[in-house]
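Both complexes below contain subunit A, partnered by subunit B and then by subunit C.
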Partner chain A sequence: MTQQPTEQPTQRSPERPLTDTATAGPSAGPRRRWSALDVWTTVGPLAVFIALFVLVVSLRPAFLGGGGLAIVATQATAILLVALGQGMVLHVGSIDLSNAANALFCAIVLAQALGSFGGGAIVLVLVIGTVIGVLNGVLVAFFQVPSFALTLGTLGILQAAGLIVSDRTTVYAEDTSLLTPMFGTAMAGLATAFWIGVVLAVALWAMLRFTVPGQSLTAVGLNETGALFSGVRTRAAKISAFAISGLLASIAGIMIIAQAGSASSTGLGSDLLLPGITAAIVGGTAITGGITNPVNIVFGALTVTLIPIGAAALGMPSEAQSLVYGLVIIVAVALTISRRRVGIVK
Partner chain B sequence: MANPVTREPSEQSVSTGRRTRPHHRFEVRSLGEVGALAVLIIVFFAINPSTFLSIGNIRTILDQAATPLIVGVGATLVVLMGAIDLSVEGVMGAAGMAFILTTENSRGSVDLGPLSFVVGIAMGAALGVAAGLIHTRLKVPSFIVTLGFWFVGLGIATVLFGTETIPLLPDGGIKAWPNETFLGLPHSFWLAVLVIAVGWVVTRFTRLGRFTYAIGDSEEVARSNGVGVARTKLYVFAVAGACTGLAGILATLRLGAGAPTVGGGVLFLTVAAVVIGGTSLGGGRGGVLRTTLGVFMLTVLTNGLILSGVDSSIQSGVSGAVLIVAIIFAAWPHRSRLRIVK
Partner chain C sequence: MTRSTSRRTAAANARPAAGSVDGAPPPALRLTRITKTFGPITAVKNLSLTVERNQVVGVIGENGAGKSTLLKILSGLHEPTSGVMEVAGRPVQFRRPQDAVAAGFGVVHQEQSLLSNLSVAENLAMNALSSTDNATRFGWYRWRQLNREAAETLARVGAAIDPRAIVGDLSFVDRQMVEIARALRVDEQTHATPLVILDEPTSVLERNETAILEREIANLKSVGSVIFVSHRLDEVRRICDRIVVMRHGEVVADRPTGDVTEDDLFKLMIGHAAKADKRSDAGRTVGAQNLVEVRGLTRRGEYRDVSFAVRPGRCLVIVGALGSGRESLARTVFGAEPFDRGEIRYRGDVVSSWSTVRATRNGMAYVPAERRTEGMVGGFSSTENITLARTGARPRFVLNRAGQKKLAREWFQRLDVRPDDIKLSLQRFSGGNQQKVVMAKWLQSDRLRVLILDHPLRGLDPGAAETVNDQIRIARDAGTAVILLADTLEEALDMGDDILVMRDGDVTARFDLSVDTPTTLDLLERMV
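Moving on to the complex of A and B:
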C-alpha cells in the first residue's frame, strides 16, 4: 500500500490505482498535498451530519437535553450494520438488494430459536446470514449475472422464507436476557449496540486500508479487468464482499431482536433496504465501486436516521416528512458523493 | 438487439444488411423468453383447465398487466441508457393524486374535465425532468437521484392527500373506463398497447431512440460522435416520468380512489420484468417489446399461482426464483473468464 505511486490528488484518472486518499493515514499524509476536494471527501459526511444536528438543536434546543442523539444512535444501529455490508458490496462495484431482507429473515429465525437454543441460536443466525451472502456472491461471481437482478430475486425468496418461518405473525423471542445489554447499557450516552457497529466500521476500514484482501476488494472495485490481470482473485474478492454483507445483515437481525424482542415481516427492520443504501451513499460511497470509507458510513447512517427524527422534533407535519426526506437525501448525496471519478455518471 | 447506431453504416453501404439482420436477432435466446411464457401458459392451463384460459381470467391478466406495461416502457428507455429509475412508485402516487384532485371527485376540489389527465401526466414528466436535471447537471448517479425522487413523489402525494377525507371517484364514468372492453379486451390493455407501440417506434425509428442505445453502449463514444448526452438523458427521464404519470392515473382509475401508495410493488415488478425480458442493466442492449414479454411472464406467473391455490406467502419467493433462473439462463452463453458483470 505504501508503495503506491503518490499521484497528485487533484488528478482525476479513471484508472486511478488503489486506495482513496480520503482515508490517507498518517504514513501517507505528509507525502501528499491535500486538495480541498480530498479534505471534503474525508469530512463531508461528518460535516453534513453535524450541520443537520446543529440545525435541529438550534431550532429545538430541547432535542439536545432530551437525549436526541441517544435516540438517533439507537435507531441508526440496524441501518448502520446493513449499510456497512452494502458499502462492502458497493466497494466491489456490485449491489446487494437482499441484505435487508436477510437481516429480517435472521431476526425471525432468531426469535423462533432464541428460547430453546440460547447462545447457539445466535451462532446459527450468524451462519445462516453469512451462507446467504456467500450464495449471492457465488452466483454473481461464477454465473456472471448482474448483482442487481440476482439480489432482487434473492430478496423475493427471503421475503417468502420470512413469511413462512414466522407463519405471517409476529414472533416473540422467549428469552432475550442474552441480548438485553445491547440496548440496555450505554457508553458515553449511546447504546452499546451502536458502538459495536462503530467498532465493526473501524475494523472494516482497517481491513480495506491495511490488509491484502482489503486492497484486493478496492482493486476489483476500481478496475476489475486490471485487477484480474494483476493476479487478484476477483471471484474470491466478490464472494467475500457478499459474505461480509450477509454476516453484517445477520448481526443487524440480532440487533432487531435485541431492540424489539420480536420480529415480523412488517415489523421493526422491515424497511431497512433503502435507508441502508442511502446511508452508504450519504457516507460518501461511490456506487461505481472502489471508493468506500466505512467510518464515514457511520455518519451516513446517523444522517439518514436524523432526518425523520429531526423533522418530527421540529414539528414538521407528518405528511411533509417523506418530501423533506427525499430532498435532504438528494442534497446530502450531491454534497458528499465522491467527485473523484466523475467521467461518466450512470 | 444490436445497437442501431453502430449498425447504421452497414445498412447504408450494404443494401442487404437489413435483410440479413433478422436472422441474427432471432437467436435462441429471444425465442427462449417466448418459449418460457408459452410453457407457463400451458402449465397453468393444464392445472386449471376450466378457469385459467377463460375470457374473464384473460381479461383480468391483461388488465393487471396494463400498469406495469406502461411503466415498463419508460423504465426500458432509462435502463437502455445504463441508468435506472427507482422513483416510479412515488411518481405514480404524485401523478395519481394530482389527477384525482383535478377531476370530479368526492372531495369536490376542482373539476378540469379531460385536462386532469394532462395534469397527471405533466406531474410525472415534471418530476422526471427534475430528476434528469439533477442527474445531468449535478452529476449525481441516477440510482440515488431517483431514489430521492421516490420519496419526493411520495411526499407530494401525501401532501396532496392531506388530512381530509379520501378522494373517491364517482361510480360509473371514467372510473369504469379501464374495465370496459373494446374488441373484447379491456381499455386499460389497449392503452398499454398504444404506449408500447409509441415506445417501440421511438426506440426503433427516432433519433432519440438511437441516441438512447448509443449512450447505453458507450457514453464516451456517443459524446465524441456529437450526441447531446445530457439533453438526451433529460428527454428520456421526462418521457419515463410521463409514462409513469400515465400509469399512476390508470392505477388510480382502477382503484377508484386517491392514494399516495397507489404504485406499491410496481417498481420491483417492472425492474424484474425489464431484466427477465433481456434488457441489459448495463445499457445498450434490449428493447421495449422484450420488457412486454417480461411483464407478461411475471403477471401470468402471479395469476396462475393464485388460481392454482398456492399460498400467497410464497409467491414472492417463486417470482424471485424465476427471476434468478431467467438471468442465469440469459447469462450462461455469454460467460467468459474476462467478462465484467456488475
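Moving on to the complex of A and C:
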C-alpha cells in the first residue's frame, strides 16, 4: 500500500519554520511559572479571611474600632492550636478526633493541679497531652487500626476521664497568675497567646518545608507505600504526627485555663473538635493527606472564629447565626480546600 | 448482534464522499497541525496524520513522545489546543469521550479502564450508546441478551471468557482481551465506520494471544481502520501498512512499512542507533565474599526452601511464571515481606527484624514493579523523589535544597529525563521517565550495595529500557550486587551471571552462565 497523499503533509515537519511555536519551545528553559491554582493555594485562606473581615467592618464599622480583631484572635487561639495538631495528623493521611477532648482533659487536670504544683503542673499537662498523642499514634501505626475509629474511642475515654477528674463540676484553678500574661498582655493589639499559636504554626511550616522529618511526613501522606519502599520510617512519622497533635492539644488546654481560669466538661473548650477540623480544612489542608500549610491554618482558625462573632456583631438573631455559619463555612471550604496534587476529594 | 458484517461495510461505503475532490473516499481520519499544551509543556506539536480507510497505521515513539496525548485527543479525553480533526472528510470536535464513540472510535487504553466490580458483559455494554441499544428494557438489564451478545463479541477475539465473570477476578491478560473486545464492538453499536485505536495492547500479552490479536486486526481492516501503538518494532512492522514515528511531541517520519527496517525505526525513535551491547565481564569489580545470602528461605503460600547467594559486581536473575513466588522472594530480601523459616545473611551476618528501613540504610535498593503505587511518591517533584531514599546511616535534619537540586539536574542529564523540569510533580511524567527517576533515587547513593529490580522494564519504550539497562550494568560493574526479576527470558540471558529458575514456589534449576549456556527453551521447560 503506497500512501501518496499522506506523505507530504506529515514528513519532516520539524524542519519547517514554525512561527507559532518558536516562542513556546524548550528555549523557555526549565523555569516554571506559577499557575493561578498554585497562587490561590498559597494565598486563598488569607484572602477568604480578609474578604470576610472587610465585609463585617463595612457593614458595622464599629467592629474595627471596638477591637473586633483582638476578640477574634483571642477566641481563635484554642481553635488554632487544636487545628494545627489536626493539620499535622491530616498531613500523614489520618485524623485525630480525640485532640479536642485531649485539650479539655488537660485543662481540667491543670485546673486541679495548678494551685499545688505551679509551673510543674504545666509541664505535667504538656507530658500528659503528648503521651496521649503518642498512644494514639502507636495504636494506629502498629495495630493498623483506622485512625477515625481509634481516635473516636480515645475521645470517649478522655471525656469519661475528664468527668472523673472534674467530679462532674467546674474546676476552678486556685492561682492562675502564672498564666495571666497569655491573655493579659498583647502584641500589636492581639493577645500573646494567639502569637504563641502563630509562632508554633511558623515553626511547623518550617519543619515541613525544610527538614528531613518534615519531608517524611509529607511522603507518608502522599503515598505511604512509596515512602516505606524508600526506607522512610513511616510508623515513626505517624506517631510523631499524633504526638504533635497531643502536644498542641495540651497547649490548647493551658490556654483554656489562661483564658477562663476554670474548666468543666461543658465549659469553654468543650466544643473545639469540629471547629478545629474545619479550621484546618479552610486553611487549605487536604483531608487525603500530604498537603498542609500550617501558616494558612492560622487564617483558617481566624475565619472559623470570625463568622459567629461577626454575625453576632451584625445583630443577627441566634438561629440566623447558625445558618450563616453553615453557609459561609461551605463557601469557605469550597474556595480553599486543596485540589492540588489530587484529582478527587473524598 | 443481528447486523451482518457485509451490511455494515455496505453502509459505510455508501456514504457520500464529502470533502474529496476526485471522487475517492476521504480518509477515515485526518489530523492537521494538532497541538496540545499543558501549561508550559507542549505534549503534541503541529501533528499532522492521515489514516486511510481500511488501513492499519502504526504509531511508535519513546515514552513521553506524545503518543498517549495523541490517543487521549482521539478518544475525547483531551481537547487539542489548536489544529483541525476531520473524520471521513468532516471536521469534528471531541468534547467528551462519548463524541469519540459516536464517531466510531473504539479505544483500548494502556492503563486498563474496565470497571473491576462489574461483570464482563456489563463492561462490554458500558459505553455512551448502551442506553439506546437493546441490552436494557425500561432501564432494566436484559441479562440473557447482554450475556449472549458479550459471548459473541468475546468469541470474535477468540477469548474463552465467561461473560458473567467479574472483571476483577480475571487475569491481566484476560482483562486485556475484554478491553480489546470492547473496542472492537464499537462498529456494532454505531453506524459510523469504525476506527479502532489500540494503545500498546500486546505489551503484556503472550505470544499466542498476540497472534490472535494480529488476526483480529487483519479482520478489522476489511470493515474499518486501525491505529496501533506499540513498543515492539517487529510487531509493528508485521501488522501495520504504514508507520508513523513520534519524537518529542512531533511526527518525525511517516513511511510505508516496506520502506523501513527495524533499525531505521529505532534510530528515528531514539535519535541514535541501537548499541550492539554484548555482555562483557572486563572492567568489573567482582567481590569474593557473598553480599546477600539466602538459606532455606520459606514463606508459606509463596516460596519454599530457597537458597542463593550474590556477590558484589554480579547479577542474579530470577525467572519464573506467575505464581512462582519470585516477586514475594525479592520483597522479602528487601524487608518488605516477612518469612516463616530460613535465614537471610547480609554481609555475612544473619539479619534480624529486617525491614525496608534497615535494608535501605544498609545499602539495599528496591525498584518495584508497581511503579506508581510503590516505587515513587507521585505528588512529589522529581527532586524530592530522587532524594527521598533514606540511605544514610544518620540522616540529616535540615534538607539541603540547593544540593538536592544540583543532584536532580545531574541525574536528569545523565538519564535524559524529559521534560527537563526537576520541580514538576513526578506523576505528570510518562512511565519511562518516571522509571528513570526511580532508578536515580537509588543510584545517586554512594552507599548502594544491592540493587533489587522487579520488572524494571515493564511498559518502557526501547530507549528508556536501554537507559535503565545501561544503568543497571554500570552499577553492577562498579561492584553492586544485582537481583533482577526480568520481563523476558532474552533479557535474563542478556543481563544475568547466574539464573535461578522458580516454579510454584520451588527452585527448579540454577545456571551459572560462565559455565552453562541454557537457551530460553531450557529455562521455559523448568518454569512451567
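Note that in this section the second predicted complex is superposed on the first by the 312 of 346 C-alpha atoms of A that agree within 3 Å, B and C clash if a C-alpha of one lies under 4 Å from a C-alpha of the other, contacts with A are read in each partner's own complex, and residues count from 1 in each chain.
Please note the rule applied: contacts are C-beta pairs under 8 Å (C-beta built on N, C-alpha and C of every residue); 3 or more make two chains touch, one makes a residue touch a chain.
Keep in mind that this is a model prediction, so the values were computed, not measured.
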{"item": "Touched partner set for A:Asn99, first subunit B, second subunit C, both or neither", "value": "neither"}
{"item": "First (subunit B), second (subunit C), both or neither touched by A:Thr305", "value": "neither"}
{"item": "Which superposed partner A:Asn296 touches (first subunit B, second subunit C, both, neither)", "value": "neither"}
{"item": "Touched partner set for A:Phe210, first subunit B, second subunit C, both or neither", "value": "second"}
{"item": "Contacts of A:Leu228 with subunit B and subunit C, given as first, second, both or neither", "value": "both"}
{"item": "Touching partner for A:Ala219 - first (subunit B), second (subunit C), both, neither", "value": "second"}
{"item": "Touching partner for A:Ser35 - first (subunit B), second (subunit C), both, neither", "value": "second"}
{"item": "First (subunit B), second (subunit C), both or neither touched by A:Ile277", "value": "first"}
{"item": "Subunit B and subunit C contact sites that coincide on subunit A, given as residue numbers", "value": "225, 228, 342"}
{"item": "Residues of subunit C defined as touching subunit A within the complex", "value": "27, 32, 35, 37, 39-40, 42, 45-50, 52, 55, 82, 241-242, 244, 250-254, 256, 334, 336, 356-357, 359-361, 366, 368, 373-380, 384, 388-391, 395-399, 401, 420-425, 441"}
{"item": "Residues of subunit A defined as touching subunit C within the complex", "value": "1-3, 5-7, 9-14, 18, 20-21, 24-26, 28, 30, 32-33, 35, 210-216, 218-219, 222-223, 225-233, 290-291, 341-342"}
{"item": "Subunit B-facing residues of subunit A, complex", "value": "93-95, 139-140, 143-150, 152-161, 163-164, 168, 224-225, 228, 274, 277-278, 281, 287-289, 319-327, 329-330, 333-334, 337, 339, 342-346"}
{"item": "Partner subunit A, residues of subunit B touching it in the complex", "value": "81-84, 90, 134-135, 138-145, 147-156, 158-159, 161-163, 219-220, 268, 271-272, 275, 280-283, 313-324, 327-328, 330-332, 334-342"}
